[in-house]
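There are structures below to look over.
Note that subunit A is present in both complexes that follow, paired respectively with subunit B and with subunit C.
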Partner chain A sequence: MQTKVSIYKQEKRWAYLFVLPAVLQFFLFGAGPLIYSLYASFTDWNVLFGVRFVGLANYREILVTERFWKAVYNTFFLMLGTPIGIACALMLALALNRRTIGSKLFRVIYYLPSVSSVVAISILWTWIYNYDYGILNTLLRMVFGVDGPNWLYDPTWIKPSLILMGVWRSFGATAIFYLAALQNIPQVYYEAAKIDGAGPWQSFWRVTLPLITPITFYLLVMGVIGNMQSFAEIHVMLSNGGTEYSGATIVYFLWQKAFQNYEMGFACAVAWILGSIIFILTLLQFKTMRHWVYDGS
Partner chain B sequence: MRKVSNRLLILVSCILLVLVTITPALAQNPITITFMGHGHPEEHEIFTRLIEKYEERYPHVTVNYINVPPAEYMIRLQAMVAGNQTPDVFYLPAGDLMPWADSGLLADLTELVANTDLFDEANIWPEALARYRYDGNMVGQGPLWALPKDVGPWALAYNADLFKEAGVPLPDPDVPWTWDEFLENARKLTRGSGNDRKWGAAFYTLEAAVWANGADWLDETKTRVTVDDSKFIEALQWVADLRLVHQVTPTREEEQSMGGYSRFINGQIAMFPMGPWDQPAFWRLPFEWDLMPWPVSPNTGKNATWIGSMGFAVSSRTKNLQEAFNLAAFLALDREGQQLNYELGMAVPNLIDMAETGFLNMDKPPANRKEFLRIITDYGRRPINEYTYDNEWIDAFWQGVDAVYAGRKTAAEFCKEIQPEMQSLLDRAIARQEQQRQRNR
Partner chain C sequence: MLTNPKAQQRIGDILVTILLSLGAVTMLFPFAWMISTSLKEQRYIFTLPPQWIPDPILWHKYIEVWEKVPLLYGFMNSTIVALSVIIVGTFTSSLAAFAFSKMRFPHKEKLFMFLLGTMMIPYAAVMIPQFVMFSNIGWVDTLWPLILPGLFGNVAMIFFLRQYLTGVPTAIIDAAKIDGCSFFGIYWRIVLPSIKPAIAAHVVMWFMGIWNDYLGPVIYLTSPRKMTIQPVIALFNSYYASQNDYALIMAASVISMMPVIFIFVFFQRYFIESLVISGMKE
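On to the complex of A and B.
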């Protein structure tokens, strides 16, 4: 008995030791800057001039800044990509789940964009969207005989273009999650459904869909968090936030303030507002989860 | 005899003592200075060579040269400032001068320039230095905060072959066209269709039109946005109409799918604005090209364009001010470096005598390279954002002006609409400057 306890104690010590680097990393590189940025958001900190406390001035100014609200609108618009991406990924996963020839190859192909660099993908899509020479407009012209829009310059089309690219980029990885979830559903459920006279559609609607809601929930939460923070593709594909600022996101606005205008304190305040928005959205999702996420009970 | 030898001994000892005391002072302590910039491989090579030369001349100094990608440069610099590791010498874009000078992070170079024997101040283009002067209120006057890396006159090039094909006489290097002549000739030069399509001009530089027409983005005090001025509106509409009405420049869509630069290189565009840094690429062109004076506005009879620049600033935190300044002076103004620069087609020399002799007599195009110098001395101007604390106010203009170029709004509608927004952003920039000034007091 004595030895068991001491082994347990020893193991515990080792466990803490293993956890320590991650904890240290968090406190040094995560929590430290986090707390400082909260403080900085109440100052006029700007790398060149040092720090002076200004109270709520930054927050007040953000709320009356037109470009901030434009960025908020754009960011929420781009979030439409999350449900679209999830729906596409589910369809893809259902297709890949069939044991057809080459399904493994397709899994690899669809997953590739997720492991490619955002910058490379953004450059690729800049070419796809090119008005004259882009493959997309060429196809539209050849197949439908219509002139496609100027995707990345027309204020109406900038956001849909970004959404389309975002969906393409992420749905391979999302599909992998769904594939795992689909393969985890015990066959007995489908057999039982069949005995009860359910067709394929009913099996999908009543068995598959409810049983994969935990994964859907996870993907939704992560997707919203990720999409709220889009930046790199906007920086690469659009200049200055796009025509009439119609592609700029909150993080892009923040980046401009921090690194082009030297207004770090202001940018920190924007970051905290963004953090709060993400927190509230995530909280809402958790609050509503019991209404639609199947937890096995 | 003994007395004499005793005295000799004392004398020798004294000399030895003096020598022992002063020798370490004579041999200077080795020091290292850091220099950060961004540049393409040729520039990096030239600077490496110049730094070697500098280290030979000042053997006690070692230079740590950091070259970062241009897009990362300002972010990296800010991080270094925040981490108290400001490089001793670093690139400073002219447009960033005001906040940097106010921050106290830059060393005042006025005295050092007056006392240096490395160059003669009178031999540097006055405009090249003036844009790095700032008295806490206005750029162009007061103490000097940086030395010019280059002067970049934005000139107008033309494809002589296309002119000959269209039967348009080559522009006179000494007599500028008027806008009307420009348009008339551009019409003649715009021909063909499909892949053989040729355009009279690439998109016209808006600054060149606005300034030539006697207008500007800001008033003289640089505190009021004047884009709603009728002369401004007229110039903007003229530029937009070159595309929308007269169709002598590629459409907005064509421009965005392949820029004017590529189309000029392909021999599809007759007149195209260029900087001196474009020369190496243009030397490889299969057609004949040259520079022409920017056209004059019929309202003023004047022409205008902008001159770009990058500066070498010295950190006020440096422990080795003189050595850091010497390095900046070496990189900016050393004769060998300046010669390499222009021979490689990277820049117009900062040194007047060199520009007017060696540079002017080069046997490579453009034949009318005098136009570069004319822009520097006669009609080139600083970009307008160099007069303000930040660029947000002018960014708002550039973000919105596409509506005019696309024909969704007239110049008058757009300018009247955007002026209040620009003014409020400019007021904010001025308020920031004022806050800083108070803090400095």
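On to the complex of A and C.
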């Protein structure tokens, strides 16, 4: 008994030591800065003049800043890419799941863009979208005989262009998740559906789709969180948020405020609004989850 | 013929393969265009209709690019960040994962949930106080702000390894305890060897994340020689796009993608598995 107690004491001590770095990280780089930024969002925090408490002034100013609302609109618009990407990924996964020849090679090819850096991909697509010499407009001209728009400069086309690039970049990776989910579906379900007289189309709607809803849910939640924070492609492909600011996202707006105008307090308030939007969206998804996500019953 | 399910299956397979091949061409086409542009002579880049295969093929942009930009510094700095963060961070993460999955201590579950919560915090929400903190220490335009936080571990990795460790029998660890093996000894001799595959999988993913990181480096690094690879390429792009030297820009982009693509192709099996496991277990 004596030794058992001392072993536990020792175990406790060692365990605390082992988790110490992670806990320190939590306070130093996670919770600490997070709470500080909440405090800072109520101040006029400027690198030159220090911190001065201003109450809700930052939040009030944000609500009347036109660029902020543009950025919010753009961010939500760009989020359309999440469901589009998920739908494309599902189709790809269904195709890959047939295990035809070369399906392993296909898997690698479709995955390739998502491991390449956003910066290189953005540079590449800037060139593809080039109005005069870009390959996209060249193809449109050669194949369909039409003049393509000025993708990255025309305010109406900037967001669709970004969505197209985003879907191209990430749907191969998303498909890998679906592929794993599809391979986890027990064959007996399909056999049972067949006995009940279901065709392939019906068994897809009645068996496959409901059974992969947990992974769809996961992808939707992660996709929204990720998409809400896009920055790199905007920074690389567009200058100053694009024509009429029509490509700027919330994170881009925040970055400009913090690191170009050095309005740190204001930027912290924007960050907290962004964090709240992400939190609410995630919460909403979890709330509606039980209506459509399969839970094993 | 179509009533025969086997034949139907085969026709379906052929159709799917054709569609997949067309899709694969669409996926690879932009990359091919990138490489093709990088090998062209300046005056042929803007010809219409475009030259699909460059004639003549010029490799000199791939040499020129090393002389023109601090590309080498970009590679070096990214390697320094990636290696130090991954080596130390893997050590700290795996220790924490071991404690969270196999050791007994008060408030274990609560503590773990708190750590998981940090995965939900957007970087944008913490980057400003972090930036001010590091600039007060005088670390702006050094690699430290990119390295230091990572040394304390990576929550995603802790989570992933903890999931993996649930599959390692506790009996072995209990036996070692009774034999008087120290806890660090258990970690070093039993836990670490048994989670090697999981570590490999996660390290690949982590490396790609660090190599492709952009927002962090853009905030902290201002002088070209201090920059990691992504801001170097972006800077390069904005500089040479105005001179229309697209061959040079594309060559630099191709070079910057090489390390991750090589790693991906060699480790893709582990990589994809890790991705799937971490996704499936939520």
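Everything below uses one rule, namely that the second predicted complex is superposed on the first by the 277 of 297 C-alpha atoms of A that agree within 3 Å, B and C clash if a C-alpha of one lies under 4 Å from a C-alpha of the other, contacts with A are read in each partner's own complex, and residues count from 1 in each chain.
Keep in mind that, in the parts below, a contact is a pair of C-beta atoms (placed from the backbone, for glycine too) under 8 Å apart; a residue touches a chain by one contact, two chains touch by 3 or more.
Just so you know, these numbers come straight off a predicted model, no measurement behind them.
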| query | Here subunit A is shared; do subunit B and subunit C fit on it together or clash? | reply | clash
| query | Once the shared chain is lined up, is A:F259 touching subunit B (first), subunit C (second), both, or neither of them? | reply | both
| request: May I ask you to decide whether A:Y133 touches subunit B, subunit C, both, or neither, giving the answer as first, second, both or neither? | output: both
| message | Applying the document's definition of touch, where does A:A180 land relative to subunit B and subunit C: first, second, both, or neither? | response | second
| query | Should A:N240 be classified as contacting the first partner (subunit B), the second (subunit C), both, or neither? | reply | first
| task | With the two complexes superposed on chain A, say which partner A:I212 touches: subunit B (first), subunit C (second), both, or neither. | result | neither
| query | According to the contact criterion defined above, which of subunit B and subunit C contacts more residues of subunit A? | reply | C
| query | Of the two partner chains, subunit B (first) and subunit C (second), which one does A:G275 touch, if any: first, second, both, or neither? | reply | second
| task | Give the one stretch of subunit B, out of 78-86, 114-122 or 420-428, that collides with subunit C after superposing. | result | 78-86
| Where on subunit A do the contacts with subunit B and the contacts with subunit C coincide? | 47, 132-133, 259
| said: If we count contacts the way the header does, which residues on subunit A are in touch with subunit C in the complex? | reply: 7-8, 10-12, 14-16, 18-19, 21-26, 28-34, 36-37, 40, 47, 92, 95-96, 98, 100-103, 106-113, 115-120, 123-128, 132-133, 135, 138, 142, 168, 172-173, 176-177, 180-181, 184, 214-215, 218, 225, 228-229, 231-232, 235-236, 250-251, 254-255, 258-259, 264, 267-268, 271-272, 274-275, 278-279, 282
| Sites on subunit A touched by subunit B in the complex | 44, 46-49, 52, 66, 130-134, 150, 152-153, 240-245, 259-262
| request: In the complex, go through subunit B and note every residue touching subunit A. | output: 74-75, 78, 81-82, 99-100, 102-103, 105, 252-254, 256-258, 390-392, 395, 398-400, 402-403, 421, 435-436, 439
| said: If we count contacts the way the header does, which residues on subunit C are in touch with subunit A in the complex? | reply: 12-13, 16-17, 19-20, 23-24, 26-31, 33-34, 37, 45-46, 48-50, 92-93, 95-96, 98-100, 103-106, 108, 111, 114-115, 118, 120-133, 135, 149, 151-153, 155, 158, 177, 182-184, 187, 208, 211-212, 214-215, 218-219, 229-231, 233-234, 237, 241, 246, 249-250, 253-254, 256-257, 260-261, 264-265, 268, 272, 275-276, 279-280, 282
